[in-house]
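Beneath this line is the structure, given in structure tokens, with notes to follow.
Letters A, B, C and D name the chains as they come in the text, with residue numbers starting at 1 for each one.
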Amino acid sequence: MVAMSTTIITITRQALLARKEVWMTLVTLLLLAAALIGIGLYGALSQQSFVMLMMGLELMLNGVMLAAVAFWALSGAGAPEGQLLTIIVMAVMAIEMAMGFALVVAVYRGKQADMTEALSELKQ
Amino acid sequence: MNHGILVDIAFLLLAVLAVVSGWRVFRTDSMVRASFFLLLSFIAVGAIMLLLAAEYLGVAMFFMMGVEMMVMALFMVMFMMNPAGLNPMVMVHQHRISMGAGVTAFLVLGLMALLTRFPNRPLPAGLEPVASLGHEMLGGSMLIFESAAVVLLATMIGVVVLSSHRGRYGAANEGSLPPGLAPGGDPAGKPKEDQDGGHEHHHHHHH
Amino acid sequence: MAVSWLHRLAGLTPVPVFPALGMGGDVVLRRLAQATNIELVGSPRHASVLLVAGGVQPDLLEALRRVHDQLPWPSSSLWFRCEPLPELEDATRIDDIEALPGALAAIHRELLLQRRGSSPRLLPDNPPNPWEGLGDDGHGGEGMMGGVPYGRPMAMNMHDDIRDGLTLDSLTFRIGPFFPAFPPGMSAEVTVQGDLVQSWTTQSLPHLVALDPVFHDARQRSVPIARLELARVRYHLHRLFHGLRLAGWESAALHVLHLAMRLTSDSRADALRRRLERYGFFYLAALDGGVLEVEQARRVGGPASRAAGLDDDLRSEDANYQRLGFSPVFHNAGDTRARWQQILAEIEQSLQLAKQAAREDLHTQNSVAIETPRGPWSDERCPTDASRLLDEIIPGLEWDSALATIASLDIAALSDWPLVEDKPLTRSEERSS
Amino acid sequence: MILNEMVLPIIVVLAVLVGGAYSVAVMDRVIATRLGAPRAGNPWLSPLTRGAWLLVQQANVTEAPDGRAWRLAPALYLALAATGLALVPWSETLVATDLATSVVLWGSVEALATVVIFLHGWSANAPLALIGAYRYVALGLSYLLISMFVLIGVALPAESLQLTQVVMSQEGLWNVVRQPLGLPLFLVVGLGMTFWGPLNLADSTDLAGGTASEVSGPPRLVWDVARAAMLVAFSGIAASAFLGGWLGPWLSGPLWMVVKMLAVLAVLLWLGRVVPRVAPERCVTGMWVVLLPLAFVDLIWAGVAALWQ
């Protein structure tokens, strides 16, 4: 099972060059990315907990990365900047999560709060 | 020929997995399960990247997100009121607006994808994706790459400072007090008496 | 074909035994650790046979029933020097320790060859408390907190964290009295955050500890010092055996056991010390915690108090020990490491004393107050239970250090009855006495 | 073509998975007996009898576990071990998955193993299993960094992230000599990530079996097989990255791999029996304060050596 899936991966390069896919096209990939971004946006806006909110953001970035790689592979002629963009997005995700959690910890220490509403008094 | 079909099947399965597990993130009771659903979504997207011949990015996705979601799950357990999901609860606000925003985003982006004509320029035959990425990162875009590295380093330091219990001048929740100007003298910038210290809040929580 | 080849093959495996130790039951551990066809397991889920060894107090029977029901089928039980539960009609009882491995193996084989049925479940398969709430799965009520699932405390931040100021989820559970890493009979209610123990309440006390008959004799009359010291060494070696098994170091634990089995006044502990030091027992294992204050150390008595810097040892008041040049060894740190080092040092010292005393054929002079391996024993003072001490010293330790601390502390009270000696003294021992 | 690309890799991986797990059980048993453990019976038969016993035993349930995750976790760990085994090159051509980034994929196997082990302990809904799970997460993150640095070290002279290239770069000199710090560090990582012997902190005796303390019957068999297979996969990666993989005179490539993997396994299993369990706190401190700087030194060493040539 696993060997099979990994083997599929190894043989895709030639397949990709031959371009025989009907379903894995730029449009379907972008639609998939749009779906992930949409779900992520819903999560980021609707969740009350910080951590769940960050999950929404991460899901959006997931879609962004997929779109970037799709453009790189199918529309950008393999220009290296496409991959670089994805790496940068990954770094941004790591930074977002690390800073987010650090802030949650700091706020939690001070206020015993982990919900967005409880922080409204922070503004004052 | 054969391969194209295999890749298509794999892509469709992975796409469904990515969307369904992404959706389940916000629909499950248990917070640990939520972060592992998100991980599943990431893994599916990483595998699609492998299908697109982005060999480094796809695999990097696995290990980056594996660690990240593990940490996420732990923070879930730490900070959520009800980490095990024993009492299912709806912890959402502005539900309808969010739902609308999500659907709108999907529709707008989807229409853009459908209606725009993108140039059809697939990967050139001799391209080595990993080597090309490496040459770009440590060649033309070295500045960007290095800036990202510096930002990451700064983040690490910042995170430790923010989350550490003991600051340089005492416990984090007691406000900092710089050392005296002269040995044993008054501190440099003397803060006003704290009237609403963290301690009080703490007590409040327990009542 | 009633019995498949799979069952036949499975019957050849060493018997996985979960020991539930009652009063005086710990002798079976040492016997079974050396049996070739027995595997002692730490969780009832991993066992095929439940071995109940020694008398189980009536108030622990409910816990015993729960352990019994945790064994996955096919499983059965064997009762060693203990009356089987009345519900278990065809349970086997055995009193001869030499026949124990064979009896366990027979039960295991019969179970797998389907000549013997599995033990029935003794308790109804219900949660200890019913759900108190709404929802499909009986989930709690409205709002954040809803009901109380199964009447248990939620894994919530009820306690202040004692280490880094973050109050994270804490988990409260009861463990014991048959948890193999605890002294037999002890149970506790523990609150942990991650693997850090936040609070500890000892619930039931460990079973009384029985000493070799020679210590009881020594309170009546003069006994050969060599015999007394070898009994002391054996006691300490048995405790070291448990400590090493807990540290996941089976080969060294067996080394200790072999030393205890073949103990004579000519035995030496050099190889043991070399092994413990060379493979890093004192550096790697979880031995940093459990520091005893002087007052706490005095409450425990014995090697634990000497490991905390007290040098009181009743042997130094005995004239013949003074003739042998006895002076108590002690360590200062008072933590788990110091206690094991103390025990190792006392083993070496006692072997030295035994050798000299055997040569000079010395007997004890003082029968009023003697130093037992558990602590000083006289008419005024007898080693009493110190397990409440754990409530003070365990919080703040990580789980591994907590268990290592408990293993290194001898906290059970002394029994009025001597240890039932199962095997006769070896010939060389009798010669030396 | 289908035969070569689909069937052969699967057969190779499955054969190594089963044979490797079996030989780990036999070797561990032999080493234990040599060190004085009283074990009767034939060591060649004992893994089979134990497997048969676990197969006929009932798979118990705990109170309110996360049932799907609990049953899935052993299978996922087995799948990760199989992925690791698929990366091991047996000769220049006999590789199940010859990805251009196979070294990084091994890194992700290590990372995802953390998730799966946590899931195994967490989903049982029992305190001791949960403590084991937390413990592994705290430790697993520290093993990962060391593993990454050491593996980047071997990728430098190969100028590639492909394991076959890493092996071929050792034609003149094996990495175990070229980067003397690498293999010892990597072996510590291996004990840690397979939680074996002194670094068995997730399934340890003080937790009555840790994440596996509540598991019985066939799921436990899968878990045990997966742990052994992960150890085999690790030894395969270690042999390829440091001991020259299939390279060697007289014997054929795959045979050399078997010999080298068995040697690595013997060292790991022996260490697992002669050293006591390391305290978790000490382990984390040691990883970050001692081993991680050493991994840095190893990486700088490798970098300087690569520039020199």
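Please note the rule applied: a residue touches a chain if its C-beta (ideal position, glycine included) is under 8 Å from a C-beta of that chain, and two chains touch if they have at least 3 such contacts.
The chain list, named the UniProt way, goes like this: A = NADH-quinone oxidoreductase subunit K; B = NADH-quinone oxidoreductase subunit J; C = NADH-quinone oxidoreductase subunit D domain-containing protein; D = NADH:ubiquinone oxidoreductase subunit 1 (Chain H).
Bear in mind that the values here come from a model prediction, so they are computed numbers and not experimental data.
S.K.: Of all the other chains, whose mean CA position lies farthest from chain B?
M.R.: That would be chain C.
S.K.: Quick check on this structure: which chain has its C-alpha centroid closest to the centroid of all protein C-alpha atoms?
M.R.: D
S.K.: How many angstrom between the C-alpha centroids of chain D and chain A?
M.R.: Distance between chain centres, rounded to whole Å: 30 Å.
S.K.: How many angstrom lie between the CA centroids of chain C and chain D, rounded to a whole number?
M.R.: Roughly 33 Å separates the two chain centres.
S.K.: Taking the mean of the C-alpha atoms as each chain's centre, how many Å separate chain A from chain B?
M.R.: 8
S.K.: Spell out, as numbers or ranges, the residues of chain D touching 2 or more other chains.
M.R.: Residues 99, 134.
S.K.: So which bits of chain A are touching at least two other chains?
M.R.: 9, 11, 105, 108-109, 112
S.K.: Counting only residues that touch at least two other chains, what does the list for chain B look like?
M.R.: Residue numbers touching two or more other chains: 56, 60, 71, 79, 81, 84, 129, 165, 172-173.
S.K.: Over in the complex, which chain D residues touch chain C? Could you list them?
M.R.: 32, 35-41, 45-46, 48-50, 52-53, 55-60, 63, 127, 130-131, 134-135, 138, 197-198, 200-201, 204-209, 213-217, 220, 273-282
S.K.: In their shared complex, at which residues does chain D touch chain B?
M.R.: Those in contact with chain B are residues 2, 66, 69, 99-101, 104-105, 107-108, 110-112, 114-115, 118-119, 122, 125, 134, 137, 140-141, 144, 161.
S.K.: Quick one: in the complex, what on chain B touches chain D?
M.R.: Checking each residue of chain B against chain D gives 2, 30, 32-33, 36, 39, 55-56, 59-60, 62-63, 66-67, 69-71, 73-74, 84, 128-130.
S.K.: Could you pull out which chain C residues touch chain D in their complex?
M.R.: Chain C residues touching chain D: 6-7, 9-14, 16, 33-37, 41-43, 45-46, 48, 70, 72-74, 112, 127, 150, 171, 173, 175, 179-181, 192, 194-195, 244-252, 254-255, 258, 279-281, 284-288, 398-401, 403-404.
S.K.: Under the definition above, what is the set of chain A residues touching chain B in their complex?
M.R.: Going through chain A, the ones touching chain B are 5, 8-9, 11-24, 26-43, 45-52, 54-56, 58-59, 62, 65-66, 69-78, 80-81, 83-84, 86-88, 90-91, 93-95, 97-99, 101-106, 108-112, 114-117.
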